[in-house]
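The structures come next, written out as structure tokens.
Here come two complexes built around chain A, the first alongside chain B, the second alongside chain C.
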Partner chain A sequence: MNRAWLLARRRILSSIPVLLIVVIGTFFLLEMASGDAVDAYLVTLGGDAGLAQSLRERYGLDQSALARLWLYAGSLARLDLGFSVAFNRPILDLILERLPNTLWLMGSAIAMAFTFGTLFGIVAGARPGSAADRALSIGSLALYAVPSFWLGLVLSLVFAVQLRWFPTAGIETIASGKTGFARALDIARHLVLPVSALGFIYLALFLRMMRAGMAEVWRQDFVLAARAKGLARRRIVLRHVARNALLPLVTMLGLQAATMLGGSVVIESVFAIPGFGRLAHEAVAARDAPLLMGIIVVSAVLVIVVNLLVDLAYAWLDPRVGSGEASS
Partner chain B sequence: MRRFALRFLRSPEGMVGLVLLACLVAMALLAPFVFPRDPLSIVGRPLIAPFTDASLPLGTDRLGRDVLAGLMHGARASLLVGVFAALVAVAVGTVVGTVAGFAGGLIDEALMRVVDAFQVVPAFLLALAFVSVTGPSLPVIVFAVALGAWTGPARLARAEVLSIRERDYVAAARAIGMHPAEIAFKEVLPNALPPVLALVSVIVASAVLIEAALSFLNLGDPNIVTWGSMIAEGRNVLRTAPFLSIVPGFGLVLTVLGVYLFGEGLVEAMAHRRGRQ
Partner chain C sequence: MTTTLATLRGLSVSYRREGAQTFALRDVDLDIATGGRLAIIGESGSGKSTLALALAGLLPPEASLAGTIDWPGLDHVPVAGRDIGMVFQDPGSSLNPVLTIGEQVSEGAVRHLRLGRATARQRALDLLARVRIPQPQAALAAYPHQFSGGQRQRIAIACAIAASPRLLIADEATSALDMIVQAEITELLDTLVREDGMSLVFITHDIALAAKLADRIAVFRDATLVEVGPARQVLARPSQDYTRSLIATHIDFSAPRLIDERA
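This part shows the complex of A and B:
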């Protein structure tokens, strides 16, 4: 436990400068935009120069860039992400309201991809070169090349429009009045297609990694020893080969967190899910720079947290990790 | 080199990839000759079904634009963005990685924190923000995609440089009084490059997908036709004319597949050569 704590503390401390760079970099990137949130506000709702002036003063937009960066960093330290002009609400509230939908979507997609990816990977890797291996390898490669948003459209065309098995859009039936288990079931039905569209590419990735890892482990001496001992093939595959090939997949889980968060932007737009990713698209459409800024900062924090959790899981699975670094 | 080419051609992955990519490049190059008109111009009645009109083999979209012309011209945008984004990403990444690995100390620490920062922000979100700030045009999209892709080459180049800089020929270059910058870029960088090049296929593939996703969200260059924008346009009539969204998607799948297979063939041929040395 002590080891895990040291690891966590070290990772949290080292992520502070990283987060600082993200904030400064994003701030100056969005600074390059022509026009600010007040311009966007006036375009949609109208107003004169006097109103623009007073709005800019109210939101601090009349000050210099450095002064505003300082103000922003200060309010960020107090967990205040500012105010969205487009939505007329505090940005943090907006993000916290949308985040659970995205976390459900991503969490389910990762769970689905990890489970089926390792399962099929074990089938393929159990006998490298077999017919099952070839079929799965070709299938996963094809799946790996499919753009998620297009897959989403095709899935919704087949399973929602033609077969009517699943709903086409949204996260739950609006104003259905469902509660408890019925509501959970309703949300699950809405999530099947988006989760598949988002997760299939990772399923293919995990399958390919698992298979490649197992092919590597098969060549090692301890597998030969297990065979020489006369262990059943099933036991060798599961206990010796698959087990040792599983560890790199855990690392991949953390590495893919950022890409998956990016992928949810498109998937949520395809399936009209009111989530965090769709909020990013809406922020761009409404030219709401502070909102976009908040979204990027929160997503960076999210990715850092996921990676920390993955590191802790890895240290728990592999006792060698982190034990030698306690002094540093 | 000839043996390398032969080995590449003998691997089934490399061969299939090469054929797919050759078809795409041919499509992209021939597009302006086969369809000299702007693919965004209206050529006929809207929503002509495919295979019904001999002069418009794949029919027309919702605005009466030739689908086949769009498909061929769309290959240009995908390939251009894929290739140039990968070039920029590898160039920037290798230089940053070489500087970090060769300089060491505080410079290394600072540069790697910047790499970390770029890695914790989702590449697609970064591209989205960049395009929304600077306005959608092809060069901007190339740069936006490269922005999220240079960190991989940077990390790999740094790791290579760390091992190369301890070698004897680098010490020899120091001994004859070469400037450190000259050693870094003339002696070390060229030798750190080959492993980085193995990343190129992955970068090209993800660049093609990011460009498609951006134009699907209407953030692509509005003056050229891209597969992503064709899919988005077809989405409006998904129930009545699903063909319009499905066909350009196959273009994307085959492009990405071709790039992956080509890359895998190259890596395999390279692995053979290394094994022999």
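This part shows the complex of A and C:
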């Protein structure tokens, strides 16, 4: 598919300056914050100014900001994210260990929210103003108004603590020795509640967008033309109305991926999942600037990749994209 | 000997807005002859598009309909798409932007003629060739934005006649197009209607077009039928002042018949 390839190439090229801006911006932002890893180290272990001075010299923290930025960018180019003082491990290893948990959490939450949000949105939007529409619209508004951390706590209290249907915390049963399918099932059981807590708000969002989009598309001429063809209602709803209303949702999907990365910090804390968001929190607490930098850079790459995939999906769904004609 | 396809008696269409009843059509008596070409003319808001929707049974649910539409020319109540084909004003918005031309042209035929995938494809191909789309084979997999306005309207016409309807309603089908394309579309409609023996209801505000295409003309104003009769008679000897003023505003080079009569 030539159109998709052109689009992908253009987006990959344009993401390079984006990454540069993120790296330089974050570097100087962290530079402006007072305190460094040596301070954090001395607070916990004690020591005098001389020790601080020698530690800073050893880690190159006494050099100028520009020189350190240059060093950092150079090692980034070699995919070397540096070494975490707080965890005493290479940052890349830490991230690769935590990232999958968050990806599972986010991926499942997005997939659940998008699938059910779209389906319920189609049900509501099939007949705007109907009883089903009103019930779903009110329900989704209520769901949308609930903060995810509170929803997480309540879900945990009801389904994990009282009913004991699901585990309260963690990503898998520790030291269970499970492998293969049994392990996957174990992880899935652990993910049900956090995915619900994180995803429900997006489900409501997608539902409302789909419903509003369909209400809009119903007024289009081509829907009247489809009715004039005497098509089955089911076909009009799915092929003509829902198919067009889906497009803005796909764009939203890309935008929400970034928001969800932030939201997963909260959910990972509530459900004690050793994920990427928790790692960011720990990096801040330990004043581990290189680790935080690494997390932000990887997050930026993640968001860029997700948006690239979303753009490709959009181009696949909307034949007008990349054909020269501006599309809405 | 002409037979009657449809008979409208006392037809009124009204909407209730903020407690008040507003009429889009009021007490219309009109006959549509089988194989005839009826032009409905009038200014915007005169109710002519409402008449098209009422004929095809496509009025929105909030519209209330009084009076009768009988179909002595058909042995059953007509079904939109199968018995009545419709072409709309703006081909830029009456085609679904994200579905292929092949799917949009054939879906009516698939529904009403119960065609399989291969026959539906062949049907779409034939229809596109009939409305003279260049390279119909390639057009099947293409999307609306890849065609010009005139070509899109040809495709919309192919959609409308896909299930071989008895009646074709063209609602301002040429008003969004430029003059040359207008003439081409008019000629295409003329050919198709003649070849298939379809009846044509041609809704327009352009009296010159009505003069070219129609054998009968009905003039609408403010939701009511002002005058109806054979085209030549309505144009040459209008019985109503309103028709006379409408004709007077539309004299131009493309209506030679008018100028002849007046000279």
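Observations on the structure shown:
Note that in this section the second predicted complex is superposed on the first by the 314 of 328 C-alpha atoms of A that agree within 3 Å, B and C clash if a C-alpha of one lies under 4 Å from a C-alpha of the other, contacts with A are read in each partner's own complex, and residues count from 1 in each chain.
Everything below uses one rule, namely that contacts are C-beta pairs under 8 Å (C-beta built on N, C-alpha and C of every residue); 3 or more make two chains touch, one makes a residue touch a chain.
All values derive from a computational prediction rather than experimental measurement.
Once the two complexes are overlaid on the shared chain, A:L136 sits clear of chain B and of chain C alike. Touch criterion not met for A:A286: it reaches neither chain B nor chain C.
Within the superposed three-chain model, A:N244 lies in touch with chain C and out of touch with chain B [touch as defined at top].
In the superposition on chain A, A:D318 makes contact with chain C only, while chain B stays out of contact range. Measured by the number of chain A residues touched, the leading partner among chain B and chain C is B.
In the complex of the two chains, the chain A residues touching chain C come out as 220-222, 224-232, 235, 239-240, 243-244, 247, 317-320, 323, 325, 327.
Of all residues in chain A, only 15, 17-19, 21-22, 25-26, 29-30, 32-33, 141-142, 144-150, 153-154, 156-157, 161, 258-259, 261-263, 265-266, 269, 280-281, 284, 287, 292, 295-296, 299-300, 303-304, 307 touch chain B in the complex they form. Of all residues in chain B, those touching chain A in their complex are 113-114, 116-117, 119-126, 128-130, 132-134, 205, 209, 212-213, 216-217, 219, 231, 235, 238-239, 242, 245-246, 249, 252-254, 256-257, 260-261.
Residues of chain C touching chain A in their complex: 56, 58, 79-82, 84-86, 88, 90, 93-99, 103, 107-108, 111-112, 143, 145-146, 156, 159-160, 162-163.
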